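Both complexes below contain chain A, partnered by chain B and then by chain C.
Right, the complex of A and B next:
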């Protein structure tokens, strides 16, 4: 009995170790890749993601850059995190990680419930995924990686997914209603409605991308400036001159704002906008009206059948 | 290794990102929400059943308590009844015994009174006779005249009767 238990414990711990490795190794791999491929450079270097691979594809080249690789690594990390948190769930919630998992699930569901209502309960998965992916992507610059959210293609992909969901939700009200929605309040507004419709994904994508990228740019500028300043002031000294002393402190404090706070904030904002846009695209009253209409039609059909 | 410029739109990268988010949503659903919700559901079920069991047990306990109280009340009533019955019975018996004793005493007394009466009457009679005899002899001697005893007795008896009559 105890032998069996010990065996089970050992297996449990081994699985835990593997899952933790699944969480950490992808990020470590990304750091290694970054270190291997970063060219020696002097001075300010503000550019997009490094390109690892260019593949021929119809229309446009398929570029595998840092942002894609880092995104995949972060997805693997999140997968590992999910598996780790839900490993060994029990009815009595004996482990801390189970409490964390339950907290995440309940918070996400509560948030979706509060902002979107009962009928959109299925969106809690998407919201959890957006928050996790966006937050971890933005935070990945803390370990020296290129933040995937600093690439407009990444946030554009997410924004287009949200746009598709918004359109799909609108189409639930019927294609005619959807088309009629563009002509409100009067048909003259149709072009403007089109623009506002398609500005949603663009604004969402650029908001997120711009915040993260601008933070990175400011961080890079300030740290370079401080490096230059310390070389100017202390460069004459023998040993100390080699170390950019002024670079200690301020960039770290700025990083707390630009990387941590702004990153988490943007993740929350993106999730919030997703919820509001999706639920706003088919308001509760219209949905209820439609449900009533459906029920009435069903009743009529039933009556005709009888 | 070259880098992309800071804004470079690539349709394939957008598609990859789109797919990434979709896949991650599936991952989160499958590997985080499903298991956690399953556990939450089973917990809710077990809590519900525990509550139901507790309610049932409580109802049963209440029922037992009521039964017990009713039994206790019945027992108390029976005991009270028995005690009061016993007391009544004892009183009745006591009264009976007392009355009996009283009657017996009365009997004894009346018997004794009757006896005494009889005795006195006898004594009176005897005394009368004595007195008569004595008187006869006395008067005989006093008068010194012969008198037939029968006449004499008759005279005295009438006298005595007069005496009684008074």
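Right, the complex of A and C next:
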């Protein structure tokens, strides 16, 4: 019995170790890639994502950039984290990690139910995924990586996903009802309604990207300025002059606001807007009418068959 | 060659001016967020027990109101760090085509 248990324990620990490796290794790989690919440079270094690879493709060449690689690494990390937290679940919570996992699931389901209602309870997984991915992407700049959310292509991809969801939800009331929605309140408003329809993904993408990117740019500018200032003030001193003393610590205080607070805030806001837009676009009346019609047709068919 | 240098100078200068004008967009969110915070302070003063809810709603609203300012900021940053490279490339191509 004890022999068996010890064997299971060893296997359990081995799996745990593998999962922790799955959490950490992608990020380490990204750091190594970044160190290998960063060109030597002096002064202000503000640029978008580095391009690792250019693949020839019909039409336009396919670019594999830092933001893509990093976001896949972060997805792997998130997967590892989820697997680690749910590894060895028991019916009654015994371990710390199970309590944490249950807390996360409960919070997400509560948030989605409070904001979207019973009908959309299944969306809690999507919302949790968006929130976790966005928060972890924004926080990844704390370990020196390029935050994927600082690239407009990444956030635009998410925003297009949200746009598709909103359109799908609107189509639940029938295609005619969806097209009629563009002519509210009078048909003259059709172009305006088209613009407002497409401004949703644009504004969502730019809000998230703008917050993260502007934080990164301001942080880079200030740390460079502090380096220059310390060279100006202390440059005459023999040994101390060569170390950018003012650049130590001060940029970290800004990073607490720009990277940690702003990043987490934007993750929450992106998830919140997703919830509100999806649940707000559901055509309740048209859907009920359609359900009634369907039920009536079914009844008629049944009556005809009898 | 002098004219090319002049054109380059005008282009860089106008990029800077454009960035400055774009950042006028910061006025709107500034006023709006100030009003939001003032209203939140008032609400907390009237009902101190609702402080948590009021604060979280206010931060959420502030972050959304910030968006329009951020659009201006993005345009400004792009005009300073990205646009000169693109525009000077276009200028060089035009000059080569004229020759």
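Rule of thumb we're sticking to: the second predicted complex is superposed on the first by the 280 of 306 C-alpha atoms of A that agree within 3 Å, B and C clash if a C-alpha of one lies under 4 Å from a C-alpha of the other, contacts with A are read in each partner's own complex, and residues count from 1 in each chain.
One rule holds for everything that comes next: contacts are C-beta pairs under 8 Å (C-beta built on N, C-alpha and C of every residue); 3 or more make two chains touch, one makes a residue touch a chain.
Note that the structure is a prediction, hence the values are computed from the model and not measured.
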Simultaneous placement of chain C and chain B on chain A, clash or fit: fit
Touched partner set for A:291, first chain B, second chain C, both or neither: neither
From chain A, separation angle of chain B and chain C (C-alpha centres, steps of 10 degrees): 130
First (chain B), second (chain C), both or neither touched by A:266: second
Contacts of A:207 with chain B and chain C, given as first, second, both or neither: second
Chain C versus chain B - closest C-alpha approach in the superposed model, Å: 6
Shared contact residues on chain A - chain B and chain C: 46-47, 213
In the complex with chain A, residue positions of chain C that touch it: 59-60, 63-64, 66-67, 70-71, 73-74, 77, 81
Complex interface listing, chain B residues touching chain A: 1-29, 31-33, 35-40, 42-43, 46
Of all residues in chain A, those that touch chain C in their complex: 46-47, 203, 206-207, 209-211, 213-214, 217, 265-266, 268-269, 272-273
Residues of chain A defined as touching chain B within the complex: 37-39, 46-52, 57, 59-63, 65, 67-68, 71-72, 75, 78-79, 82-83, 85-86, 89-93, 98, 101-102, 104-105, 124-126, 128-130, 132-133, 148, 151-158, 160-161, 213
